[in-house]
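Each of the next two complexes has subunit A plus one more chain, namely subunit B in the first and subunit C in the second.
== the complex of A and B ==
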C-alpha cells in the first residue's frame, strides 16, 4: 500500500508527486493538483463528468488510478481556454446556451474534443451517439448537440 | 465510492504477471483497461489485496494477419478493433459491433482480453468470440493453454480461467469467401449493454447456405450459439418461411432473464425479431437471392 512517485504532465505543466495506488486520477487532479475543472459525478464510469484526455485519448478519470498515469500527458478542461479567451468549442457552447448548471460541461467539452478528432460527426444522430455516454441532469442535450454541430461547422440536418 | 487500499504491481511481462498472480494465492486481480474492474473496486464489490497492472507489457496489443487466421493481443483496445483495416477486411461484423460497445472514452481504454475475461452476459465481444469460433490463449506459471470460445464462458462473469492464469491472445480463423454477415442490437441507450443482440454469418455454396452461424447475447447467463436454427438453415436457400422457422427455433431454445429493463418474454420476442433481421441482412450481403 506504499505510496509511489509519479511524473505527469498536466496541461503542459510537469508535476512530480507521491500517490497512494488507490488514488483515482480524478481525485489526483482535483485534490492533489487543485485542478477542480474536472468534475466527479458517479464515480463508476457512467456519467462522463470526469472525462479528460490521456495521451490525447478521452478517458474517464474515475476509472484510472493516478499511478497508471505515470509518464502520461493529461489534458483537462483547463487546457481548452480561459474566460477571456475561449477556444472554438467553448465559444460554440457559450453561443448556443449549451450549459445550464455547468456540472456536466467539462466532460461534455473533453468528450466532444476527442469525438471531433476521431469521427466526422456528419449527422445529428452521430453527435447524439457520441455524446450518449455523458449525462446532463439539466437535460439540456438539444443545446449541447447544437453547440457541437456548430463547432464542427455544419448546418442543421434537413428534416427527413 | 473509493477502492480499498491495495498493493500495486506494475508487470513487465506475461511471466511476471502470472508469477505475481500465483504468489498472491487468489488475492490478486489483473488490471487491464479497468473499465469494468474499477467500477467494481469503487463500489467495493471487489477487494483484491493486489492489482497487477499489465498496461505496460510490451507486445501485448496487436492485430496481426497470418495465413489462415487473425491474432489479436489481449491488451488491444476496443477503439483499435473498431478502426483496424485488418478487422474491417476480415471481420466487418466485429467492426460494426464495436460501435455498440460502450462509449468512445471507454473504447479508448477497454481491452478485448478484459472484456472476454470479465464475460458480462450482455457484452458484445464474448458473443463475437463464439460466432467466429475464436480460440483463447492463456498462460499460467505452468505453461500455455488454448481454449475454444465454446468452452470458455461458464456463467455470468465466470470463465474458464484459474486465479493464476492470464488471457494473452485471441486467434480467429478467417472466414471463407462469399460470407455475408450482420450484427443487430437493441439497447435502451446507445452504448449501454444490450437488451439483446444477434450476430450472424452465412457462408454460401452454390447459391445455398453452406454454413450458418448465429450468436446471441443478453438472452441467458452466457452468450450462446443458436445450434438448432443453424442446423435448420444449412443446405437451404433463405426464404421467408425458413426465416420464420429459424426464429421459432431460436425462441424455443433461449432462457432470457427478467430485469428492470425488460421481461423474459420481451427479450424472447426481441431475440426472434433480431434473428430475422440479421439473417436477411447477412443473406443480402452474401449476394443471395431476395428471400
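== the complex of A and C ==
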C-alpha cells in the first residue's frame, strides 16, 4: 500500500508525516508521534479509552484512520496540564481519587473536557450520561462523577 | 517522653486520606504501560488462533506466511519441542490431573482462540496479514461444551491421558448432614447457576521480551499481577537461571485476577525472543482478550439448607459442578474457583452440619482462572438466596434471619463446616450499619405503598465473610507450585538519606505505591515524599509472587512494618553516637532523629552520610548498612466481612432493573487510606452489579464464542451504576500485624447476591425466585411469562 502525506496539528504542534492509509489514528498518535497518553482498549469504538478531540469534538481515535485526520486539529491528554501544573479537571480527579489503574483516565479526561466546554452539566445524571461512552472497570464511576462535578463547580466559580 | 507516647501524639500517616502519588503521571499521559514501551528493533507478534473448539491439528502450511511482506519468522508447536519445557500446575489433590501448559497448541486445539501459530513481523499490521495466510488442516472432534455431559463416562475427552474430563473432585464435610436435613422442620432447596464471565481489564494483556545478547538474558515486561511467579515459571520453561530473566510489570491497566496466571502468549514471547535473539512484543486486541484471557464463575450448584422452627440453620448440603474450561490454569489449578465455592458456602453463619461436593470439569472453552472474589461471589449468591427463601418460608424479615444465624461475638474464632476459620469480625455490626444507612425500616414501609400502586420494588441484603491476607498454612490447591503465604519488604536508606522500599507485590490500580509508603513512613519516621516504593519487578526481592487475593496490604504491609522498624532502630543507634545520647531518648520523625523534648536533631541525610561516607565519624558497630529485609507470614490470614443492601425498581414494560440505592457496610480492619478503600469498594460493587445484571460470556453447544466483543458482552457504564454509599466498621484484627484485613475483592462478592435478592424481593408477589445470574431482561421476561401462565 502506498503511503500518503498528511498534515495534522496535535496539541498545537504541526506535523507532516507519510502514513499508510490503513494506519489507525490511535496508532499514529501512540507509535508514530510517541504520544502514548492516548490508550487503546478495544479497537472497536466501545470503551472510549482512545478518546481525543478532533477539531474540538471528542472522537474515538481507534475508529479513525490517520489519513482522515489530514488537516485536523487534534487534542490529546498531553495537551492538558503537566505533572507540576495540572489543570482544574486533573486536580479534581487527583483530589477525589477518580482513577485507579489510570488506563481509562486519558479518555475520561478528554470526554469530560469536551462536555465541560459544551454543556452546563447541571446534574449528576447529566454527567453520567455524558460519560456513558467511556468505560471504567476500577472506580465504579462514583469518584469520577464527583471529580467532574467538582471541576464544573470550580469552573463556574472562576472569574470569567 | 517515651517513644510510644511520642508516636501516639504525632499526626498519623496510617489512616490518613492521602492523595495518591501514582496520580500525577497517570493524569498527564506519562503512565508507563507495557504497550507504551518504545523498543528499538522490536518485532511484533500476531497469533493464528483456533476457530475450532475441539479438533486435531493436521499439517500446518506456513510457507505463504513466511513469504509475506515484513515477516521474520513463523513458529508452531514443533519449533518449541526441544527448547520449551511444558509446565503443569501440580497439586497433591487426589485424582487431580494437571494439564500441560505450552506456548502453542500441540496436536489438538481445545478452545476457540487457542494459539496455534505465532507470526513475528516488523509490524503488527504485517503480522496480522500473514496470519491469514497460514493453512491448517483440522480434524474436528466431538463437542465438549456441556459440563454435566462432559463429566459422564464415555464423553469425548479433551485430555485423553487424564482418562476423564473431571480434572478434580473434592468433598468437605462436618457432622451428619443427611440426618440433620432429614430432621430439619424447614428446608429450602434450589438449583443455582452463575454464568461465565471475563475479568475484562480495560488494558488488554501485553508483553515485550527485550533480549540482551551480551549475557543471553531477557528483560520481560508484562501486564502481570504476578511478576515473581512469571519469572520462576519462564525460568523453568526455558531452563534459565533466575538472574537471566527479569520480569517487570510497569503500570498495569487493571487486572481483577485476569492477569494473575501464566499465559501461553507469555511463554511464546519469551521463547521467540530467546530463539531469535531479538526483542519481541505482543499486544492483545480486545477480541483476543475475550477469547483467551482466563474466564470466571460458570458453576451449577444444587444446594439445600435446613432450619429449626425458629429460623436457626442446622445443615447445608451442596453439589457444585464447575465448568473450568480447557486447561488447569498455571499455577492456580482448575480447583481454584469451584473448590472455593464449596469452601465459602457456609458463609458468616453457624451451621453445624455441612457437606460440599465439587467437580471441576474440563470443557472446550477458554480456561477459567482467578477473578475478583474467587468462588466467593457464587457462594454468597447461593447462601444469601437460600437465607431469603427461608426467611420468606418462616415469615421472618431477611435482616432478622441473618442476625439469628451469624457467628456471634463470643463464638470467635469460629470454624465453618468446610474447615475455614473466622476470626473476630463485625458480622452483625456491618448488617446493622448498612440497615441504618439505607433506612431499612423506611424502605420496607415504602415498599408496601408502591406495591399497592403496582410497582416492582425490592430490597436485597447480602452478608458475607471472606478469608483475606492468607498465610502459608492455607493453599488454594495443596502442593501447588508456588508459595502464596509470605511477602518480603526490603527497606534501604541510601547514602543520601533517601528511602527505597522494595516489594514482591505488583500494584495495578490499588494505589499501593501510596499506601505502602504511608506504612513505611510511619514506622520509619520518614517523610512520605522521601519514600519510594519499588514493586512489580521480580528483581526487587529474592522471592515474591505478586498482588492478588486481597493480600498485598496484609502481607506486604506487615513486611513493611517489620523492615521499617528494623531500619529505624539502625538509624536511631547511629544517631545516638552523633547526638551523644542514649538511643532510648531519641525519636525518628519527619526524616530526622530528634532528642525527645529538645530541638536537637540530625536529619536522615546526616545520619546516612555518617554511616556510609564519613570515615571515622562512627564506631564500627554503628556503621552497619541502613537496610533491612523482612518477610511476613500471617500464617492463617484474617477475616473481612460486609453487608451489601440494594434497592431496585423494575420497569414493567422494558424489564430494565434500575438500582436506586446501594449501600455497603464493611469491616476491613485498620484502614490505611480511606480514599483508596472507598475506591476499591466502589469498583468491586460495579463489577458485582455487572455480574448480577449484564456480564455474560456465552458459548454455544459447539463451543463457539458468541460474546467476542464489547458490543455483545455488556459492561456497565456510569448510567447503570448507581451512587454508591460505603460505611466503614473498623475493628482491629487480632491476628495480623498492623491490624489490616484485605479488602480489594469484597465489593464483587456481595453485590451479585444483594441485587439478586432485591430483584427476587421485587417480584415476590409473583412467586419468582432469581436463581440464575446475570438476570438479563430476557431471563426476567421468561420468568415472568412462566409465572403468569
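We adopt the following convention: the second predicted complex is superposed on the first by the 151 of 160 C-alpha atoms of A that agree within 3 Å, B and C clash if a C-alpha of one lies under 4 Å from a C-alpha of the other, contacts with A are read in each partner's own complex, and residues count from 1 in each chain.
The rule is short, and it goes like this: a contact is a pair of C-beta atoms (placed from the backbone, for glycine too) under 8 Å apart; a residue touches a chain by one contact, two chains touch by 3 or more.
Computed from a predicted structure; not experimentally measured.
In the superposed pair of complexes, A:141 makes contact with subunit C only, with no contact to subunit B. When the two complexes are overlaid on their common chain A, residue A:44 makes contact with subunit B and with subunit C alike. Look at A:8: by the touch rule set out above, it reaches neither subunit B nor subunit C. In the superposition on chain A, contact of A:129 is made with both subunit B and subunit C. Taking subunit B and subunit C in turn and counting the residues of subunit A each one touches, the greater count comes from C. When the shared chain is aligned, no partner comes close enough to touch A:33: not subunit B, not subunit C.
Once the two complexes are overlaid on the shared chain, A:118 sits against subunit B while remaining clear of subunit C. Residue overlap on subunit A between the subunit B contacts of one complex and the subunit C contacts of the other covers 20, 22, 43-44, 128-129, 132-134.
Put simply, subunit A touches subunit C in their complex at residues 20, 22-23, 30-31, 34-44, 46-47, 49, 76-78, 80-83, 86, 90, 93-95, 97, 99-106, 109, 124, 127-129, 131-145. Touching subunit A in their complex are the following residues of subunit C: 19-20, 22-31, 33, 35-36, 38, 125, 200-204, 251-256, 285-286, 508-511, 675-676, 678-680, 682-687, 709-711, 715, 717-719, 721, 723-724, 747. Residues 1-8, 31, 34-35, 38-39, 42-43, 51, 53, 55, 79, 102-106, 108-109, 189-191 of subunit B touch subunit A in their complex.
Residues 1-2, 4, 20-22, 24, 27, 43-45, 48, 51, 57-60, 62-65, 67-68, 111, 114-115, 118, 128-130, 132-134 of subunit A touch subunit B in their complex.
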